[in-house]
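Order as written gives the chain letters A, B, C and D; numbering starts at 1 within each chain.
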Amino acid sequence: MFAIAITLLILEVHLSGQGGVSLARQLAHAWPSYIGYVISFVTIGIMWANHHSMFRLIDRSTHGLVVANLLLLLCVSFVPFPTKVLAEHLPVAGPDQRTAVLFFSGTYVVIAIFYNLLWRVAATGHRLIAAGCEEEADKITRAFRFGVPGYAIATLLTFVAVPASLAVDAALAVYYLAPRRASSQADVP
Amino acid sequence: MFAIAITLLILEVHLSGQGGVSLARQLAHAWPSYIGYVISFVTIGIMWANHHSMFRLIDRSTHGLVVANLLLLLCVSFVPFPTKVLAEHLPVAGPDQRTAVLFFSGTYVVIAIFYNLLWRVAATGHRLIAAGCEEEADKITRAFRFGVPGYAIATLLTFVAVPASLAVDAALAVYYLAPRRASSQADVP
Amino acid sequence: MFAIAITLLILEVHLSGQGGVSLARQLAHAWPSYIGYVISFVTIGIMWANHHSMFRLIDRSTHGLVVANLLLLLCVSFVPFPTKVLAEHLPVAGPDQRTAVLFFSGTYVVIAIFYNLLWRVAATGHRLIAAGCEEEADKITRAFRFGVPGYAIATLLTFVAVPASLAVDAALAVYYLAPRRASSQADVP
Amino acid sequence: MFAIAITLLILEVHLSGQGGVSLARQLAHAWPSYIGYVISFVTIGIMWANHHSMFRLIDRSTHGLVVANLLLLLCVSFVPFPTKVLAEHLPVAGPDQRTAVLFFSGTYVVIAIFYNLLWRVAATGHRLIAAGCEEEADKITRAFRFGVPGYAIATLLTFVAVPASLAVDAALAVYYLAPRRASSQADVP
């Protein structure tokens, strides 16, 4: 699922294809597509690795877990759409640019909320956590603390300065990429 | 297969892209796409989880089972098309709106028929059911009883009132999402 | 791979979208898309199940097998393209219709050739066949005998009568769907 | 991931669809799409098989390996875009053709760099290599030596002669397809 969503992102990278413009210039003008592609790829990629790590610690399944997981996947699969909207409206400053960044960052707020919901269903009181993995689970719980407020700050920053908002999105990706004990033993996806 | 079909749905979500309209308004006007995306995602997602549960109870395979499964997948893979048609024609009331909803709900009638066919091939007389799983299989048989008539009612309601038809489609999704004994032990997809 | 190629087929099903034509009529006029979708889905689906059966009998791997498999996948992944071309040109009789059917059937001739090549690499002298599976392998060898000439006849029939060509394509799909001992124990994909 | 990227390539194969031109001629004129499709399919296909072989020799995972793998996948998923650009600009000689081939070959230079980076993270000092597989790992290290300079030569050749550049890309694909001890036991993907 994560693998498919991540690979579909490239289908939304297009050239504008104006007549009379050299291909080199068209490729250069497509930079917002590349930014959107990289941010979305890395963000979903990290979620994929972490989702994998989380489920290694879970050894029971409940109906609530299945539903929470389905809702998370619903949001993750949605990402190619705001990424395309961002790429189309990032070049020209103005209200549409702001709307596109709001939509992009807002999507990650919603994803972070469902991500936390899924983890809470599994980890509250270590309900579904495999015996002996409680400590590792608590580390994940602590690391996830920053997701929702982080993406919410990125979204609110859109009203102040659009580049600052995207910088926070990128910083969050780097933060979750940085080595932590809990994820350092993640299987390769 | 289910994972791929579900992830492709987002590729059919588009903005109409009229010139001179703000992006915020375009995003708001795309609401039928979001409704179609969510209904189809949740419906296929539930089928995915249930398909998974069903095959955990089956421990033999016959040629008939392979063919029935292929026919079901043929219909499930078709879903992105009626979902796109629905999204394009839902906003404007009229005969085309009715046709789109008929086509959308009608697809789910056909899927429900093939779903039942597949399960009947496996579960009639517990032919292919693993020993000790007969009781759980009977619970699934009972739960499936409502699928075909439910989606058929949704389809017929289109002739009376279009929103009522979609409400029944959504209600069926919620019904199959609600916890039951048989599916409460479903593996996370 | 087969699962992905099969699911992508639906992305090539479009409505022509002429203004002033009712949706019901547009959906009816899209019949060549549905025919192409069903023939390609069932044909790739059968290949998928058979590919699966074949590899259950193979217990060693050589470099030649990897290369032959890659070449087969190259051709199978190509199928959505001739299917789209067929759907676009089937409605209007004429030389373009003939070309489209030739291209469609010709693709299956090439696939059948690579399919046989792959199986020959594995099964000639039972080189890579698991001990005890030789008899089952010979049955597959016999069943595959009809693939290349069958699709070649379908392709040549295009010059006589276009519908006869598609009828042979469909008949071959039914032939390979029909139960045989060798495939009757195929795992469900 | 590789399987998905490879299968999406066909979605970028289009006919230009000029009115008044026969379908046979349109299919013939699409030859650059076919060349791009085959080169990209075979190149990613070989990487897929080799990626598979590499991970069979790796029995530990570190955070660095996860990050290096994610970066490689980021580049591999990008391939359908330069492949499409190549197909669109290959037919007409001129600066845009050169740009397209530069972009195409340059992408493979970047992929080869990340491929080597990933392998270096795993194989330097046999850090993450399973006991007993050191010799096989060294063979892979030697085979990979030609990737980055090979694709770099292909890229630089673009400034001299465009067909020579593509010939080197194709030759590298054939070189990595040719049997070597290390890859001769690769599992079939």
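Definition applied: a residue touches a chain if its C-beta (ideal position, glycine included) is under 8 Å from a C-beta of that chain, and two chains touch if they have at least 3 such contacts.
Only a predicted model underlies this, so the values are computations on that prediction, with no experimental measurement involved.
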Equivalent interface positions on chain A and chain B, same or different at half: different
Length of the line joining the C-alpha centres of chain A and chain C, rounded to whole Å: 38
Centroid spacing, where centroids are CA-atom means, of chain C and chain D in whole angstrom: 27
Residues of chain B touching at least two other chains: 4, 8, 11
Touch-based graph of the chains, sorted into line, ring, star, complete or other: ring
Which chain pairs touch, all of them: A-B, A-D, B-C, C-D
Contacting residues of chain D [partner chain C, same complex]: 3-4, 6-11, 13, 15, 22-24, 27, 37-38, 41-42, 45-46, 49, 177, 179-180, 183-189
Interfacial residue positions of chain C with respect to chain D in the complex: 1, 4-5, 8, 11, 55, 61-67, 69-70, 73-74, 77-81, 85, 89, 95-96, 99-100, 103
